[in-house]
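After this come two complexes, each holding chain A, first together with chain B and then together with chain C.
Now for the complex of A and B:
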């Protein structure tokens, strides 16, 4: 790029000058991560959505693919300029790779009149997540704090998280469902990344301003052609993020939501939501911070071997609150109230922060188009905090 | 197999997790039928025993291939022996109740808060133990601990059961009745031929129990409705809600604040509980389906 190749790693840390790489440089970086032993996961357009899956290089990324999102609506669109990160967030998040939807915790095998216990298989290869948005970067940190609340944190998840490499991307085209400016999690990628990119597609070419967040991030740039970012690059990057922030109109005050919901367990509006909510659990499955799981025994046909398999669970299922005699939360009203009150209110009591990162997934992927921002506003009695 | 957790040797990275993240194996040494559907198992460690549970804590019991169930500790023996008193109500508890002598069961634990009976804070205070049904199980080791060391306060044990046949630890209750340092009263909802004791609610037994409400700690366990009545009765008698400790039951599925199933408002009952002050839980239990 411009005939210059970065032969040394840029230094990591505060005040590190940003560098610029082009599309080929990003491709080399992705391939370098794979060579270093990472399973590289990034956005891929498939089945009408941008999902997260294995990527070999930039050719797998969704060039020129954007999305339109609204309550109960998600559509892919074409975006001029061929940007690789013109989309926002799809149904998947980092959670899918750091605490997978299904995994074996331990297993037992019959042994005479008893049994023996085996630990899990060896660690999977570390994952490198490419294209993580500010909201999802914050969600990774939220889930870290959830994990740390356990008196016995899961060793496999802790290991996967500690070894994960994160390439964040600033959001340039927020969706109408986004409200990261309210939660303080975007549209710029905050701390917690190894590398953070701002994608530029202006007259000066398709390129990425790269901020280095860690020594590992700096190491990943070794062998990638780069040049120091100019003032013009940095100005262009700041404009991308500033324009994106300006287009976000949905508002939720997390501190106010905490108080509103803490005071409203018997609010009549829960009945109104319950008439629309299908108890389908979509919101909990797309949420990047939801952490509920269930563990079930999977036995072989002969009954000689049993695995304890953990899978994602949802507070919208009846089994979630099951006690002998029935579920504690038998009604949809009580289950929706549990989800929203936990996410926005009791999460503060448990973890010292809100459980919402403002990604808007639960709004877009709700088949009934239930909008948590609007529901909080209705319970607060405000005329509507969403919209301009 | 080197990687087998249960037989791991010192220095194995998984050794520290045995009994917490993975089960330690125990053998059923004794099985006693308490009532037609309640069984007490004495478990002896085959692997390194779990740390000694404090009265009120619970463990996760794993009968091979069936799942785990949260079961309170109903007694502690020598050499790491655990006692559990289990009612067959679901697939896992049925499998546990069906275990015979010599059978192997997995144990993770101990988990959760305890009655606090080991604390010197209780010295000089009267203690009122109120148990409904199987609620006697987690309270029994608390009574053992309180009887096991000199105290200056009085101790009352009030026990309610559906019927005389549903009374757990009946022999032991008989022995406790004969002790001078213990007030024991038992009542049933419905009497049967041969029953010459009280009939009525366990809260009716509060009136005759010797305690100074201003200097009393109450330990309460039983069905939620019974705990509500007991707390109301204790409060009416003048016991502060902060000093009424009750043991809650929720879906303790993982026991280590991961699965989210046992939440009650802001609480993770598996770690914040199961033993909690009535002052904390009363406003939460007052909300239906919380």
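Now for the complex of A and C:
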């Protein structure tokens, strides 16, 4: 790196001068996190999408890979310049690693006339999430608040979250499905990160302006060559974020959505959505703030051993609303209404905020191309600003 | 052996089918000894010609009813069974042979057999539940080994089986699969298909074939509207719906509607 090169920790905290690292520096940082005992997870191009998976270094990141997204459609594209974070969000989110799709809560073994209980397995290694976008950073915080509201917070999830290391990145190329400027969650990565990057690929080289968000973040830069960011670096970073924000055209007013949906339980448009909705549950399973789970009890054939397993559930399954005698929400209409109304309206009543972070995953990954922004607009009686 | 420790008896019955679902029981290699410890295999001709007279505590029934004789036989199986569980698409939906339900069987007989008068067959292939009460239907063509074990396990432990009727999409997302429809444009029946296979085909970048039949909320018409928008024509939609679960209500209704709709 040119200029003054530091190998010590930059000071942590807000207002700390940003530093600049190059691609090799990012590689060292990732390898350093692995050496420190983290399972490092980052964006990887696989099976026609950018998903989250284990990464050893920058060679695993999707260099020059972008994406095009629309309602029910996602395609990878090539992006000139070799940027590592030219994509936006794919089908996976941090939720997958902080509260995984399936895990054993406890197990029990028959012991004479009684039984003995084994707690959950020892904690997995802490996860370091690389490339977390502003929307997903906000989603992690939403999930935190949901968990804190519980009278019985799950210790395993709380532990996984507390130990997680977050390397956020500002979005440079938003997708057409993105509306983080409406929810106030992007395209810049907000608070909650240990480190936050802005990727620059201009004439001054491929580099990252790094904001340090915590002492842990500062410590992770200890073995990494860095230099203080110049005014030119900071200007370039601000332009990346500003340009990204300018390209976001989809709009949703979260406060208005709350009122619109609260006033529309019997709106005829729910029938229109129900004709298209497949009740397949994809929207809820790609949503980074959806938190519903179910538990199953598993026994062995001899009846000597049982375990209780938690798995992701969805309000689009019949079992989710099953009370004795049947499912409360038997129709697709009632299930879609439950999902959208909870996410955008009753979430406010329950948790004091909207449940939507504007990532657009539910729009892109709906196989029927249902667009919640357009549905809200239709229920509000206004044409969707970017919907059909 | 005292009656208190008597193992429950298990019987496995075959109707019109390919035997693949019965074979799934024999495929439980690691668990076979545990199964044999837990139940007395009383009637299972694919495994042994030694049989024990009924009644049986648990009967697994494979295959559909396609002949007048089988329509009678299933009644005697039911009468001899404390619990009757049907296994596989044939037993739960009529199977691939239910394609006859959409055609003229007399015409088939004339084409296929030198002496059609030797053949005594019904004009339809129907699931077991159309003939006798069934305690549980286990879907799939073939059934999933793990789900079969779960059903036997639940029976032995006196609890309900943990078998979910939601879409295959839920299994895809749990596995972390990339959606083949959204990301590749591949026609996939996953959104309307009953889970159970663990999203096998999409995990190998293929669309779901619907082997487990309609999911609890299957809306083939809505999926068809979407697949048509993505380039699948009605002829192909009918073919997709008419495979192993062609006669399952939701699939049959939509394929019939599409066939009658003016093109």
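Note that in this section the second predicted complex is superposed on the first by the 382 of 388 C-alpha atoms of A that agree within 3 Å, B and C clash if a C-alpha of one lies under 4 Å from a C-alpha of the other, contacts with A are read in each partner's own complex, and residues count from 1 in each chain.
The rule we apply is simple: contacts are C-beta pairs under 8 Å (C-beta built on N, C-alpha and C of every residue); 3 or more make two chains touch, one makes a residue touch a chain.
Being a predicted model, the structure only gives us computed values, none of them experimental.
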Which partner chains sit in contact with A:106 here, chain B, chain C, both or neither? Use first/second/both/neither. first
Can A:150 be said to touch chain B (first), chain C (second), both, or neither? first
Looking at the overlay, does A:291 come into contact with chain B only (first), chain C only (second), both, or neither? first
If we overlay the two complexes on their shared chain A, which of chain B and chain C does A:249 touch? Say first, second, both or neither. neither
A:159 contacts which: chain B (first), chain C (second), both, neither? neither
Touch test for A:77: chain B only (first), chain C only (second), both, or neither? neither
Does the superposition put A:322 against chain B (first), chain C (second), both, or neither? first
Regarding the shared-chain residue A:299, is it in contact with chain B (first), chain C (second), both, or neither? both
Pick out the shared contact residues on chain A: the ones touching chain B in one complex and chain C in the other. 296-297, 299, 303
So, in the complex, the side of chain B touching chain A is made of residues 1, 3-7, 14, 17-18, 20-23, 25, 27, 46, 62, 64-68, 89-90, 93, 102-104, 106, 111, 249-251, 253-254, 256-261, 263, 265-266, 268, 271, 287-290
So in the complex, the part of chain A that touches chain B is made up of which residues? 105-106, 108, 110, 113-119, 147, 149-152, 154-155, 265-266, 291-297, 299, 303, 306, 308, 313, 315, 320-325, 328-331, 333-334, 338, 342, 346, 349-350
Inside the complex, what are the residues of chain A that reach chain C? 46-49, 51, 72-75, 90-92, 96, 101-102, 275-282, 285-286, 296-303, 311-312, 314, 316-319, 332, 335, 364-369
Listed in rising order, the residues of chain C that touch chain A in the complex are 31, 34-35, 37-38, 149, 152-154, 156-157, 159, 162, 164-167, 169-170, 173-179, 181-184, 188, 190-192, 205, 215-217, 219, 222-223, 225-226, 229
